[in-house]
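By letter and in written order, the chains are A, B, C and D; residue numbering begins at 1 in each of them.
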């Protein structure tokens, strides 16, 4: 439909430029593609490359007010040098040296931590100290003050996940400094949030108001592991329990609503039996996985990459993906699915079935 | 406003009767009182009177198809000889002898069991065997098949709670016979429902659809006890956790929504520290309590009654009530509050404060 | 299962009686029938019998504080002399003589008026005068002050619908007297509620909070009639618009939610083309219909009754019903369906299809 | 906190780059500002500059398959040459010559039209022809087929609003071509959607399922005007009806839920009395206004611009804005508020009060 070049047309286009206008007809394909064409690309980050760089940062870069965190963001190669793992999500390794404290602050951005290995750090959320240990999933929802401190003589590293790219693109973020030291250096085994909320099916009568984000500060590995184990045992008994044959999975939820833990971020844990290959999916929205335990591979847009403990990968919107398990294969996953669902853009397409 | 008697008026009233009419002006007070005037009365049933009658029924009355259950309903003295403990609720002692089976059936009525003492019976809910032990709270929501069987050589008794009066008054009930024997005589420690759902904050990915009633078959005493213990410990630490000073409480909830376990019945567990006296409340809707452990008293409409383990009492709508704990005092409570809240009739009035 | 009579059994049953207990096994059939067995019966009230009695009441019975309203309730013959048209619903003719005022009061019970004929009365709801005219449906939701006054020299009668039986059985009702005269004798054509809310698809920015009941004081016949007319015209054009062939219907809704006008009462308007016969339905819950215009018949549990303008009939729970239209046939309907749906007891069965 | 430059640090940063990593500590300020720092800038587009360019496009650029629409997007000067009026919203002038047709297509993006002047075009939405006239607000929600055709001998222009930038940034968009001609060239006064849904407070019984987007194809100026007029009259009578003194406003809503018309776009209409100056607001999220009638000014971040009929302006996130009315001043507004609210990022700050 693009008309032939002419002096009149050129004059018209100059008029557009002068008045801050852009015609649809020259760029409809880009603005409205037939299916999502993400600039973000599928990518795998190897833990054995990331961790040494994080450790080296521990030697060279102090942690404190201003920079706030010794966190190193995974930058999607397709997103032009921004520290975005996808258009919505931020993922980073955070590293805290022996006895160090990362100061308290709060921000509109929703955040979580996932601990692939180690222990000894406590995150203090609105004054409630939360132990961080291997396999735990911890929340610091939007506008909750939080800081971290390492009680031990060993460093500790973990994964931070946030909705920073979404917040930055959408201009929704507020930020505020808090205490330079954490407000409570106690090191209890369990946070007050867990003692109040982590009793299955029981709700404190003192907290009947639903909350936007989950009130649970930490989802413990012990529970996650048992839930996945039970699903596979139930499958063995011929009961419906798993997502697909040999594939157990749980979603971390807000116990006040049964919904996602935070309004922009979904978090799940998946376990595959050895030899299982999942169905190939395309989904609107982006996901990040981290291998927690075991060996296997991911097929991203047809390309297969072998995965080991700690490896991370991103699945941009509508990119086909599947997993293959060599051993029992445990993966943590987070995504922007609540955004897609709340705004009614979610769509899923199953390309094929597991073997 | 009632006019004086006259032949004309009498003729009018005869016309009303003939045409199945009744004037408002002669009965406005009854139809629309200034505040709820329940026919149901506050009443206490003593466990040491109930239990022997239940045991005696075990000797004299068989259990089986037709009568269905050896259940003995608590009949509110104000409700004219119906087996209603309140206008909405049914409460009964059910008694099952050694090796007996109560056959399977299903009905629209929502039901639960609460076990004040004993063990050895399994309830089979839609084919899933659920162990019954002291302190457990078990669900058989509307239209779920269920039967009971006693695996042991000792009898067992427990409390049944249902919305039978509501269902009967409102004409909503359907009923269907199932298997004469239960469909699965297995005696697992944990039901499949618990293995799928009783991991705090974790939702199976295979069950993302919300359900009208809780999918949890049994809420175990171990969890309830720990939740209440934790609330009192948090209170000791100066943290907000209890309903009022010295009064811990949890509500049993549907994990898919964070709301009540069933659409007509709320269930809670309360623990008072020794010496605590609760605020006096008036609430729209009716409640039933059973003492699980400890000694204390209830004040119902100004009248104080000493309570021991197993004793039950009913609080009709808008009757003032408070509890007093001599020892640590544990009580199970159920009510029709979801009806009142869903239809926007709930109201609470705090008459005074403890001590 | 009922055991044989014996002295021991008689002693047991005496024990039950002494302790306010009732066994399930002797009355399971009654308490839990296989399908709803309402005590309420289907019944038709003829307008030409009701109206003269209402008019006669106008001669003999004053209206004022205490009796509050010259309202005559339709008493279901199966409900033992209570002014209940069904276990949940109250329906009455209210009659207001020339220049009379019915004083203001408020109550928890939800109420509406439907005007089968006449005009000249204003209902004042929380200070907002609402004109009453033929075909209008007016709301006075729970705890809203309301009174009526007749501006004219002619009497006026209309239908009141409330949830009095439900409120009385469930012990939820509060009542309060207000002004003896209405608080505003203005006679505007449209209430303030309509001027704020009756613009299709438009919500005032000053009223973004959802309300439990509809904020609309009157649903005007003009709109109802046009909506039904449009549905039949769309059907003529081959478009989906009607419930079944020749059967147009609208539901009155709360514009802040799209749901029912009040939490206990649903209201609808139905129009049948001449010759149409509706499918035979069974529904959980009870309904009341009033013929607004036209001639036809209702078949209630197999029994056919001819209907004329103003005639009312009640359909108890699970009683099969269908309508037949001789002329164009307009009917107003109200029911307790929101109770059934909110508590998850709703069920519908279509017995047959229209010719 | 940024450490001093050193060979070791440079080596570390090179490692980051190699592994697609970016440290937080060098860019925390940008990623997480203290309050939203939009790249988008406040900007005003004058109708008397836009319209001539649109008309000239009508001479030079054909409309048809491929380019799809003769639409000219307003490009925010701060957004780097993209046709984004804000990070979430697209606004364009669309121009259709005499007897022209814009072909049918559908896309995930939600769209609307607002008609500042003219008439004679019909938009066909899923086969339903919708008349476009001055002051009307029309919907083409995501994945609804739609095309336009001009029945007259005069051209027509209007405003298109979509969530294209959001969809493109978030990778959620799908697109599909439909018929090259519209599927129905009928020119009814009212669409079928209006005939079914535009009866205030009435819901068709044939459409009880709630819909993600409003089922109303066109919100007519006649209704909008009357609603605003009524609010100001109510204000004159001392009744609560307006947002602030002299400022009437309505929100276009989905009648099935009472919520916004589409999941990403809010639309409102505002009317100021002559002389009124609104409070200065800051809001999270971006808005676009178009003057429909009257004269006045906008103050954007302290800078005042005089406005006339047809002028458009954008308010980026957290930029303070207020309006001043010289004459009666009518403005159409749309925004991304549903995104902000559904994801819990909404915040409003009132800077001062009028006058």
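Operating definition for what follows: a residue touches a chain if its C-beta (ideal position, glycine included) is under 8 Å from a C-beta of that chain, and two chains touch if they have at least 3 such contacts.
Chain labels with UniProt names: A, B, C, D = Cupin domain-containing protein.
Note that this is a predicted model, so its numbers are computed, not measured.
Colleague: To get from chain B to chain D along touching chains, fewest steps?
Modeller: Contact-graph shortest path, chain B to chain D, evaluates to 2.
Colleague: From the mean C-alpha coordinate of chain B to that of chain C, what's the distance rounded to whole Å?
Modeller: 31
Colleague: Go ahead and note the Å separation of the Cα centroids belonging to chain C and chain D.
Modeller: Taking the mean C-alpha position of each chain, the two centres sit 43 Å apart.
Colleague: Using CA atom averages as chain centres, what separation in Å is found between chain A and chain C?
Modeller: 53
Colleague: For chain D, jot down the residues that touch at least 2 other chains.
Modeller: Residues: none.
Colleague: Quick one: label the inter-chain contact graph as line, ring, star, complete or other.
Modeller: Topology of the interface graph: a ring, with each chain touching two neighbours.
Colleague: Write out the stretch or stretches of chain A touching chain B in their complex.
Modeller: Going by the criterion above, the answer is residues 192, 195-206, 208, 210, 214, 216, 219, 223-224, 226-227, 230-231, 233-234, 237, 239-243, 249-258, 268.
Colleague: Name, in rising order, each residue of chain A that touches chain D in their complex.
Modeller: Interface residues on the chain A side: 1-3, 6, 8-9, 12, 15-16, 19-28, 30-38, 40, 43, 45, 49-50, 53, 56-57, 59-77, 81-83, 87-88, 90, 92, 107-109, 142, 164, 167-176, 212, 263-264, 284-286, 316-318, 336, 338-340, 342-345, 347.
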